[in-house]
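Note that subunit A is present in both complexes that follow, paired respectively with subunit B and with subunit C.
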Partner chain A sequence: MREAKTSATTGKAIVRMRGLSKSFGDNVAFHPHDLDIQEGEFLALLGPSGCGKTTLLKMIGGFLAPTTGTIEISGEDVTRYGPEKRRTNLVFQGYGLFPHMTVRQNVAYGLKLAQTPKKQMDEKTDRMLSLVHLDGYENRMPQALSGGQAQRVALARALVMEPTVLLMDECLSALDLQLRKEMQDELRTIHAALGGTYVFVTHDQNEAMSLATRIAVMKDGNIVQQGSAKDIYENPASRFVAGFVGEANMIKGRRAGGQIHAPDLQCAVTSDGVDCDITIVIRPDVIEFANPELQYDFAMLGTVQSKTYFGSHLSYDVDLDHGRTIKLTQTLSPADSTPEVGQQLRIGWNADRCKILEAE
Partner chain B sequence: MLSPLVLVVFFSFGSNQNATFPVGALTLDWYRVLFKNPEFWVGLKNSLVITVSVGVLSTVIGTCAAMGITKLKSTKANTVISALSLPIMMPPLVLALALVSIYSGLGIRMGVHTVIMSHLVFTQPFVIVIVNAQLANFNFASVDSARDLGASPMRSFFDIVLPNIRPTIIGAALIAMAISLDDFIITFFTIGNGMTLPTLIWGMMRTSLDPSINALGTLVLFATIGFSAIALRITKYQS
Partner chain C sequence: MQDQKTKILLAPAALVFTGLFVVPLSYFFVISFWRIRLYKLVQDFSFSNYVSVFQEYMHAAVFTFFISLTIAIVTTFLAFAIAYLVRFKAGRFGPFILYIAMVTMFGGYLVKIYAWKTILGTNGILNSAMLWVGMIDEPLSWLLYSPVAVVLTLLHFLLPLALLPLVGALNSITDDPILVARDLGATGYRTLVDIILPQCQPGIVSAFALSFFISAGDYVTPRLVGGPDTFMVGNFIESQFVNRLNAPLGAALAFSTLTICLIALALFRILLSRSLAPK
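This part shows the complex of A and B:
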């Protein structure tokens, strides 16, 4: 068997997974991993469709039995427990509201099963409904709710249980952009207000970056990188991560004798390290229109091919003299001059702002 | 097509001894004759026991089977449903013979209980198909949610699945009961010395043709129509 990948960290881990994996027949949906989830964190599992996010989430929630490995929650081994025995609650992709119950009955269902005294049950339900702004909708049936309202009911129904870990599976992805942004804000507010440990599955990097305190990037059943949004954006560990999280220009080249040679670069740059194929990853926001008075590690000539206005910033495509296109963004301040399409100019960036990946 | 049925009903209320036209004066005499016949009460009791047992059992077993089939992949599910439907595609006579040879082979004495078992064989496919069709539209994420909120598998079935498919299940039960109540061939072969209302009609037909047969026929007819009508109404309400 393969060695489990260890990405366990120290600190107060509320969920502790060791050697956890899941296969469906020959198809390995999640390769063996060690993974810890810290108390109070908002962890995003980010990756393209089919990379095993839901599989991992369902193992934590008790809906899928792992093929190998163990899961501990609050120090207790729950590997063999079904969902009803775990203090986790999952907000499903399709919400899974109970169609024959009112909003209030939906939210109170878990408390009722736990035989919470009536008075306490009503109080908790009311508090939760008003937290998600559903006061006045108590007696509606799920069919009579909008997508956003149904989403809130599903969230309230899980949160009212005060789960040790709240699990969410792409639960905002069915909403339109405007509503999704609002719900992201609300989720952040709720997390700040109530505390608790959240795990959030998404394929949307913006969503992950705006919500999570830690992001785990997944690909083909592996967690390929973990860290804060800033970490991952600035220091992607692979071409995949660089391309998936945020926009990136990637220039292929070779390092030999401490020098970088890349056909797309019009300059030679020094770089320490062994001789190998490399990829230079440059985020669009670190490239500047060259100021003639400044020195740049990387500098080259190009022609502005397109210019798009985004309110807070401009986005340019610049064609380098031998064909390659570089994306760059310029934050707007009134004093800036903005080059026009067709204009010839020099662009540049510094080595400490870009990332050099050795060949994978 | 319907005229023989209408005639049966007509004659059952007419005073003409020979059950021919003219019908004669309107009367309930034939029903009185029927109710005085002790065999009628035996047949009625057996028919009730069989119909109700078949209704309950085929619904419980059929619903469990349908729940199981829903968990299968669709190609597999179709194969299973086709296999389970074989008994209703066979000629009833062949099915009856097959059942009789099984019972005698196993040394099971025939009576009301064998009729119930036999009826289950061909009422169940209807229940399975009807319930399965309803479950196909059911969102099982709500069952997962119930489990997540602390419900056992059993509890989630009773709290979430059942309330949403209850009308369909009742409809399926009534259809199973209508089919069971109506059956003659299989009942005739598997009941041994006993009798039900349909086999009583057959017996009376061989001995006498007085209109109390028509009275009995009318009763069975209305019971069957009643079950089916309620079933249709209930299942229609849902969609």
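This part shows the complex of A and C:
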């Protein structure tokens, strides 16, 4: 059997997973991992469809029994417990509202099961409904709600239980862009106001970056990198992460005798390390149109192929002479001159702003 | 334009419905207030038929009501249990169970009656088996030709029919709300009562109505397996029409039964939705 990957951090872990894995027959949906979730953090599980995000989330929530390993929540081993015995609540992708209950009955249902006294139950329900801006909608049936409102009901219904860990499975992905942005802001506000530990599954890197205090990037049933959004963006651990989180130019080459040789590069650059195949990862915002007075570690000649205006910045495709296209973005300030399509010019960037990945 | 088209498309169904249902029913409703004199129908409006229904056939009506209610409740309950199994527990065997249930509809109604005769008769399978085991010393004669036989036979006939609306209702329930209920701390029983049952009310009402109406109107089963004491309203209605040639009294009997059944069904619906309403 493979060694469990350890990515556990020390600190106050509210969820502690050890050697956790899940297989469906021969298909390993989640490889053995150790993973800790810290109290109060907003963790995003980010990865493409089918990489095992939902599988991991459902194991934490108790909907799926792990094939190997254990899960502890608040110091208690809950590996064998179903969702009804765990202080976690999951917001489903399709919301799963009770269609025969009003908004209020939906939100209060968990409290009712817990035999909360009527007065307390009403207070909590009211407070939660107003927190998600649903006052006035108490007596609506779920069919009469918009997507955004249904989403809020599902969120309120989980939050009212004051879960130790709130689990969310792509729960904003059905909303249109505008609404999704609003809900992201609200989720952040709610997390700041109520505190608590949130785990959020998404395949949208922007969503992960805007919400999470920590991101775990997943691929093919593995957690391939963890860290803050900034960490991951600036120091991707692999070509996959570099390409999945943010945009990246990736140039393949070889390091030999402290020199980088790459067919796409018009210059030779020194780099310390063993001889091996490498990939140079350069974020588009790191590359500049060369200022003649400055020195660049990497400098190349190219032709502007296209130019797209995004309000706060411009995005360019620059063709290098031998057919390779480099993406770069330019943040606009009034003094900047903006090259036109077809213009030939020099571009450049410095070695300390790009990342060199050794062969994988 | 669209309206016109809809009307034309609906016409055949409307015609069949009117011709085979509304017209004959209206006719019998009207003649239930008339009388037969010297084997001829006389248009002599009176409530006398309904009075004699009340005086002479009340016991049969009450008996029919209770036996049909028993059959309907047992059938609906069992059909729900099977449908629940198919939807939630049987996994990929679900369709197979359903298929078997549908196959038992083959052979129809009379075949089932004769099957139960051979099972319940004095020389039948059940009595022979009990004799052989030594549970009884002589065959139980009351197994066949009794209300028990009527209930069993109709139950057997109605079960696959009642299964259909319930399977439909349970299949239209999505998994997510059920998982959410568990997540919020609901036991299996609470999930059933709070989440599943309320969502399949129409299916439950259909299954109940189907078994109740078919049982209440049946006259073949009670005659063939019911014995001398099991006279259901259907038998009296049949005999008024066929033997005594008193269609008005038969019609009055039929409409009285129908009214009682409709009231019972309405009550059932109200009670069901009251008891399943979320609080």
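Points to keep in mind about this one:
Just so it is clear, the second predicted complex is superposed on the first by the 360 of 360 C-alpha atoms of A that agree within 3 Å, B and C clash if a C-alpha of one lies under 4 Å from a C-alpha of the other, contacts with A are read in each partner's own complex, and residues count from 1 in each chain.
Going forward, contacts are C-beta pairs under 8 Å (C-beta built on N, C-alpha and C of every residue); 3 or more make two chains touch, one makes a residue touch a chain.
In this text, all values refer to a predicted model and were calculated from it rather than measured experimentally.
Superposition note: with subunit A as the common reference, subunit B and subunit C are in steric clash. Touch criterion not met for A:Ile356: it reaches neither subunit B nor subunit C. By the touch criterion stated above, A:Tyr109 is placed in contact with subunit B and with subunit C alike. With both structures placed on the common chain, the touch criterion links A:Ala290 to neither subunit B nor subunit C. Comparing the two interfaces of subunit A, the one with subunit B and the one with subunit C have residues 61, 63, 82-84, 88-90, 92, 94-100, 109-110, 113-114, 157-158, 161 in common. Subunit A contributes residues 61, 63, 82-84, 88-90, 92, 94-102, 105, 109-110, 112-114, 157-158, 161 to its touches with subunit C in the complex. Across the complex, subunit B meets subunit A through its residues 139, 141-152, 155, 159-160, 163-164.
Across the complex, subunit A is touched by residues 174, 176-177, 179-187, 190, 194-195, 198-199, 278-279 of subunit C.
Across the interface of their complex, subunit B is touched by residues 61, 63, 82-84, 88-90, 92-100, 109-110, 113-114, 154, 157-158, 161 of subunit A.
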